[in-house]
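Labels run A, B, C and D following the written order; every chain starts at residue 1.
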Amino acid sequence: MDKRIENLAQAVADIPDGATVMIGGFGGSGAPIELIHALIDRYLATGSPRTLTVINNNAGNGHVGIAAMIEQGMVAKMVCSFPRSADPRVFTEKYLAGEIELELVPQGTLAERIRAGGAGIPAFYTPTGFGTDLAKGKPVAEFDGRSYVQERWLKADFALIKAETGDSLGNLTYRMAARNFAPIMAMAAARTIVQVSHAVAPGGIDPEAVVTPGIFVDAIVEVPNPAQEEDLNRANAHYPEVAA
Amino acid sequence: MDKRIENLAQAVADIPDGATVMIGGFGGSGAPIELIHALIDRYLATGSPRTLTVINNNAGNGHVGIAAMIEQGMVAKMVCSFPRSADPRVFTEKYLAGEIELELVPQGTLAERIRAGGAGIPAFYTPTGFGTDLAKGKPVAEFDGRSYVQERWLKADFALIKAETGDSLGNLTYRMAARNFAPIMAMAAARTIVQVSHAVAPGGIDPEAVVTPGIFVDAIVEVPNPAQEEDLNRANAHYPEVAA
Amino acid sequence: MTGKLTNAQIAWRAAQDIHDGAYVNLGIGFPEMVARFQPKGRQAIFHTENGILGFGEAPAPGQEDWDLINAGKKAVTLKPGTAFFHHADSFAMVRGGHLDVAILGAYQVAQTGDLANWSTGPKGVPAVGGAMDLVHGAKRVAVITDHVTKDGKPKLLDRCTLPLTGVACVTRVYTSLAVVDIVDGRFVLREKLPSLSFEELQSLTGAPLHLDGGVADLTCPEV
Amino acid sequence: MTGKLTNAQIAWRAAQDIHDGAYVNLGIGFPEMVARFQPKGRQAIFHTENGILGFGEAPAPGQEDWDLINAGKKAVTLKPGTAFFHHADSFAMVRGGHLDVAILGAYQVAQTGDLANWSTGPKGVPAVGGAMDLVHGAKRVAVITDHVTKDGKPKLLDRCTLPLTGVACVTRVYTSLAVVDIVDGRFVLREKLPSLSFEELQSLTGAPLHLDGGVADLTCPEV
């Protein structure tokens, strides 16, 4: 078994119109920029995939990564906790124009719903959001005298994540706080596609240090020296590049 | 802040009669033998703690560790998934004599209830056990056409666990499959007491390799070269030692 | 009753259906034997409830490390690509549908797919382990078992009389006499020992055996 | 209106109540300032939602590593004993009651402990982040805020008029004028600027201020 994929284009070739896609990252840390841009390339070349539902903590920053997906019109709906950033204009304008749907989820509930999706837990109770607008219409229950909101699992057709090191069986490690949502998204997606900065053979990762075991991973593509969204934005980058 | 405790006796000095105690380990792997035996020493010297509720995957093996606690009469109730072992006589005899209570929980539900206790999730739904005797009397619900059982979180007053390396802030790593229930028990107990084979200063564990972050740990006691329950049982050990 | 497959042969037959790269959990005891019979050129990846993925076979006696054991508390070994994780993550793999196959033993299997394999009744000390999670987690749940009990009573039944492990969870049963699928609440016979007539097999089975296309010969090498 | 504390002084005051060894989450923006004023001899351990425990202060400009950031997306640094973990584990820490203190900003706080700090109404793009989790997780939830809005309206109210972040969650409010506890659905004044009379403070507060024992002088150094 070898989960390695030759190149980025192949890695994202199967994502269809209307798919639900979890994308790792918290702001720029952990954002799989190269996978996202490969998906944009495919869309620009073929018109697909479109009408995507994207699950991420944020809703893009500047004109690269998720912001560029939104700007190109590939995204019908965002599920996120914090659709603000240093430069949120792309999402903000589409949202205020009614061109993109938003499901706003408290960050811990977003994480737990994703983890539940991966762990086969269809619903759970959380104190988060009780009595607020974000719990409206959700079942509530009392346990030991305290009130809780029932939340449902969140699953996806695909996850696109970035890891630091990956072996050909799909075992992964991450780099510092770039870990964030990636391990739980890997669990919750039917197909998890990973860009790794370093691809290694099985045995190349200490079994104690594996963060995401290979069972949660379907495809690995090596992208050495990946771009940092923050650096791209500080350089005012656009994707695709605006002709000078 | 320094979470290190001088010795085993001090580490277990605060556990009162009637406490609920989670004890790490799956069979012998991960069993904190020295902490357990320190607790037995205290009981033999003072008569306390007694009428304990012990949460562990099993219910002891031979005459050491949890089996020895049960044999001494310290345990009123076991919560476990599999009260069988190579030599389960201590538990079996007490159970059949009606001298110890048993709450039998499917292993994955046991793990998830403990994790829920640590994560502030008072209840969740699982397919496990639906339609079986172990779900009798529990609320059921249907999600997306499938039936699920509602399970409640499990918390404890104390957790006694074994780790491989621990720093003075409480960050922990484990040794191979000795990890098992320890990381989630550390989350679910009001006070988590850890025997570590190697105590190190902060910085002595790679931040990427921390399995249990220090926030879940209250006390660390160094026990170099800890005993393996399996080795003790193969040598037919008893605790306390039977006079020759 | 004519000849029957040995336990090793039942395990061999079950192993033939495990595809390359499959993630597999083998129940403790008899099902562990399936790992021995992986067909050449295929590599299954074995999961054990106590937090190891991708472990290797048993070490030589005396070489055991008792922190490196499987759910049956037997020593295993590391392989390149092994990963360790805690119990909640382990059962996230199980309950979350990430395992391709779980192969378990059985006291009884019903034509509805119900399984009884954890309790023989109120006597003695009950113990369930991870069986109830496995039967509702793996994408495919198969049973390996003798076709009848030690005293010759059917183990494949219209309904289980022993306490259930799970409802409508088993989809294939490998027995000492036959391979039987469970489809829409019925036993569908796929393979049987060539030496055994359909009628003989039916008489050893506690619910109707249905046919859906042909019945292949169940033949296993000496293993 | 007489003098008031600067934001830095409010943050300083809040920092005095953080005990040695406390696990602390500081909301993004103004609350992050609290970290600067840890009293000598005490070491708090800071948690950030995006999966770091025990991080250090901001790096020098140009030294940022954008994989090492806090929830406000600002660069932080490693310290001996830092740990990384994923988002579900991070919010297990929050929701599971493992944080000792969360210090957050506020648009409005009610005498019931209700907090509004995430939405100013249906206009614009709503964003909530981790605030709703923090207010129901930390053992102690405190707010730091100016005592009144920019146009002089009370922020401490009988009930919040803006969308709630959480119900009955705040137990202490550090303002530019006072320190106010929330006890049994009432504001209890603990400290006020010595230059301010009780009546003046009450007139700037949207619900009754109660007394329970004495009121201490709120005095802060120049910071």
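Note that in this section a contact is a pair of C-beta atoms (placed from the backbone, for glycine too) under 8 Å apart; a residue touches a chain by one contact, two chains touch by 3 or more.
Just so we're clear, the structure is a prediction, and the values are computed from it rather than from any experiment.
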Under the touch criterion given at the top, what is the topological distance in steps from chain B to chain C? 1
By label order, what chains touch chain A and chain D together? B
Can you work out the whole-Å distance between the CA centroids of chain A and chain B? 36
Let me have the rounded angstrom distance from the C-alpha centre of chain C over to the C-alpha centre of chain D, please. 56
Mind pulling the chain A residues that touch 2 or more other chains? 112, 115, 119-121, 126-127, 174-176, 207-208, 211
Interface hub residues of chain C, defined as touching at least two other chains: 84-85, 88, 91, 94-95, 136-137
If we use the touch criterion from the header, which chain pairs count as touching? A-B, A-C, A-D, B-C, B-D
Could you pull out which chain A residues touch chain B in their complex? 112, 116, 119-127, 141, 143-144, 146, 148, 152, 173-176, 206-209, 211
The residues of chain B that touch chain C in their complex are 26-30, 57, 81-86, 88, 91-92, 95-96, 102, 104-112, 114-115, 126-134, 174-184, 211, 228-231
Quick one: in the complex, what on chain D touches chain B? 20-21, 23, 43, 45, 47, 53-54, 78-85, 88-89, 91-99, 136-137
Listed in rising order, the residues of chain D that touch chain A in the complex are 48-52, 64-69, 73, 84-88, 90-91, 94-95, 114, 119, 124-133, 136-137, 163-167
Under the stated contact criterion, what part of chain B meets chain D in this complex? 1, 115, 117-121, 167-169, 171, 187, 201-203, 205, 207-208, 210, 213-216
